[in-house]
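Sending over a structure as structure tokens; questions will come in a sec.
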Amino acid sequence: MSAFYYPGSEAFKGIPTACISDALDTFGINGGLEGLRALGSGMALAGPAYTLQYEPVPEGETASAGEFIDEVPEGHVVVIANGGRQYCTVWGDLLTHAAKIRGLRGTVIDGCCRDATAILQTGYPLFSLGSYMKSGKNRVRLAARQVPVTIGSTVVRPGDIVAADDSGVIVIPKDVSEQAYRRVKEIEVMEERILLDLQNGMPMKEARIKHRYNQYALRVNV
Amino acid sequence: MSAFYYPGSEAFKGIPTACISDALDTFGINGGLEGLRALGSGMALAGPAYTLQYEPVPEGETASAGEFIDEVPEGHVVVIANGGRQYCTVWGDLLTHAAKIRGLRGTVIDGCCRDATAILQTGYPLFSLGSYMKSGKNRVRLAARQVPVTIGSTVVRPGDIVAADDSGVIVIPKDVSEQAYRRVKEIEVMEERILLDLQNGMPMKEARIKHRYNQYALRVNV
Amino acid sequence: MSAFYYPGSEAFKGIPTACISDALDTFGINGGLEGLRALGSGMALAGPAYTLQYEPVPEGETASAGEFIDEVPEGHVVVIANGGRQYCTVWGDLLTHAAKIRGLRGTVIDGCCRDATAILQTGYPLFSLGSYMKSGKNRVRLAARQVPVTIGSTVVRPGDIVAADDSGVIVIPKDVSEQAYRRVKEIEVMEERILLDLQNGMPMKEARIKHRYNQYALRVNV
């Protein structure tokens, strides 16, 4: 086990998701979660996933709010797989306050949050399909926790690294996190060099060739 | 008739739509308008609805802009039911200036506005499916005013209370507005107590049980 | 040839897209690009289009990033027709820096950009369907440059004027740009007069009739 997926790890914090995606591309891994976006501009997070699977409540049945927040370990990112449902919500201001008290790194929802104004005021990083106001109580329920969940076509396993910024949310499988981190660092160096050459007047095409830009996404281990 | 749906009423101003939604849930009423969002972060409104029904203009016919703004009473919220059409707009900067001059509380559109930059500068609260620039003239026309209109699966009647914030738009039927307001106040007290207990170190599960959190959405009159 | 579609032209800069749309409506031209929006609030641009057609890469083939930026002339707006694809991106921070160095006016994408945080920091005007993080490399490729492209139902030709603001993106065909500009100026004067009358207490209906507001969209050459 590596430091990269320990709860305390912040290795991927501050690295653009685009750079992480390019690193994963070199391994043939597509970790992007399509359609999810930051609740507020400038939000970012990185940390190991604590996964939750939600499911609809059959018509006529009742169901309480999901009880899980007390069990999420410090430093984790809550990942709620709610099948893209936008007619109700699975996260709000009380959970946000509880998450901050527990030292969580943020929340990612394949669905909606509510209390958007209050969450924005806390600065807690939240990524979702949008916000709405209807409670999930009686509409959806927690079916399983800490199991592999599927968001779009991407599987998220407990302990996988989740990273997010204004470009969206990406998942780094835990068993490649160290290799991905090394690749990210190579790409960052290359991109800084291209930018420096651009600023010194070199054409983009020449700068990309010089620094082997296109090699970094041809699914070969450069 | 109650003060809650008088034009001057501001009873629901400042109350989160999530809290209003939870109150309505206890009566089995779902007032949320799915997909509508604030034009700018931090916008909020509350007030009685002045409803307008729009319809498409048959191909080849012409039609003027809707003439209604001079008749909307002070303190009302304009609610435009435009069937979710996003290929043209039914609200812009001139209407915004006129609405401010008349002392209206805001506008809610099941469709698009235009002049987004100018509207944002006025601070006038506007909630819609998005913004675009094409005029509705010759494309859609005003079919009826102050009639019950349907947005998504929710019926909005003239005088119903409309409330909106960063989580979206919700409608409180006027005949339950007083009961809903009392229920909202109970929920607010409960949520403040839960938050206080969380801040004092109580686990969420315990705090929710202590304050009967889940009772408030089980469609029973607690 | 008119100054309006020369690379140096800024004639339409600062004019609201809604006003441009009303002018085009009087000629029966619909230039709006549905669904495209500013990456950040307050972004605006105007300038001649440099068009690029993208296409998907067949499964199993590889493809480099599109090489075009070195050839876009100063003062142009890059228009990328990527068929509305949102599963990968065709613009990022390096291209943004190169575009600023070359003195371009902005970029319009029928698809997604990445590096949203970095682009927002530069203030470069970017309009797209959204942001994501996956590279377009190996997923889409540049098929043609400076050809007529279709975005939604609107054709954009090289040299057409593109204008954009918080209400979205609109295209002014180059062969009507001068007439459209004159019509825009007439509409601006009319709207200012209506606004002044509103502020002096005139009802909207009266002000619109007085200044012949509805004449300006009845597809007749007033």
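Letters A, B and C mark the chains as written, and numbering starts fresh at 1 in each.
In the analysis below, a contact is a pair of C-beta atoms (placed from the backbone, for glycine too) under 8 Å apart; a residue touches a chain by one contact, two chains touch by 3 or more.
Just so we're clear, the structure is a prediction, and the values are computed from it rather than from any experiment.
Considering the contact criterion stated above, the chains in touch with chain A and with chain B alike are C. For the two copies, chain B and chain C, the CA superposition rotation is 120 degrees, given to the nearest 5.
Computed from the mean C-alpha positions, the centre of chain A lies at a distance of 31 Å from the centre of chain C.
In chain C, no residue touches at least two other chains. Chain B meets chain C in the complex at residues 40, 62, 64-65, 67, 69-70, 86-87, 89, 92-95, 97-98, 101, 114-118, 120, 130-135, 137-138. Within the complex formed with chain C, the chain A residues making contact are 16-18, 20-22, 25, 30, 32, 34-35, 37, 41-42, 44, 165-168, 170, 191, 194-195, 198-199, 203-205, 208, 213-214, 217-219.
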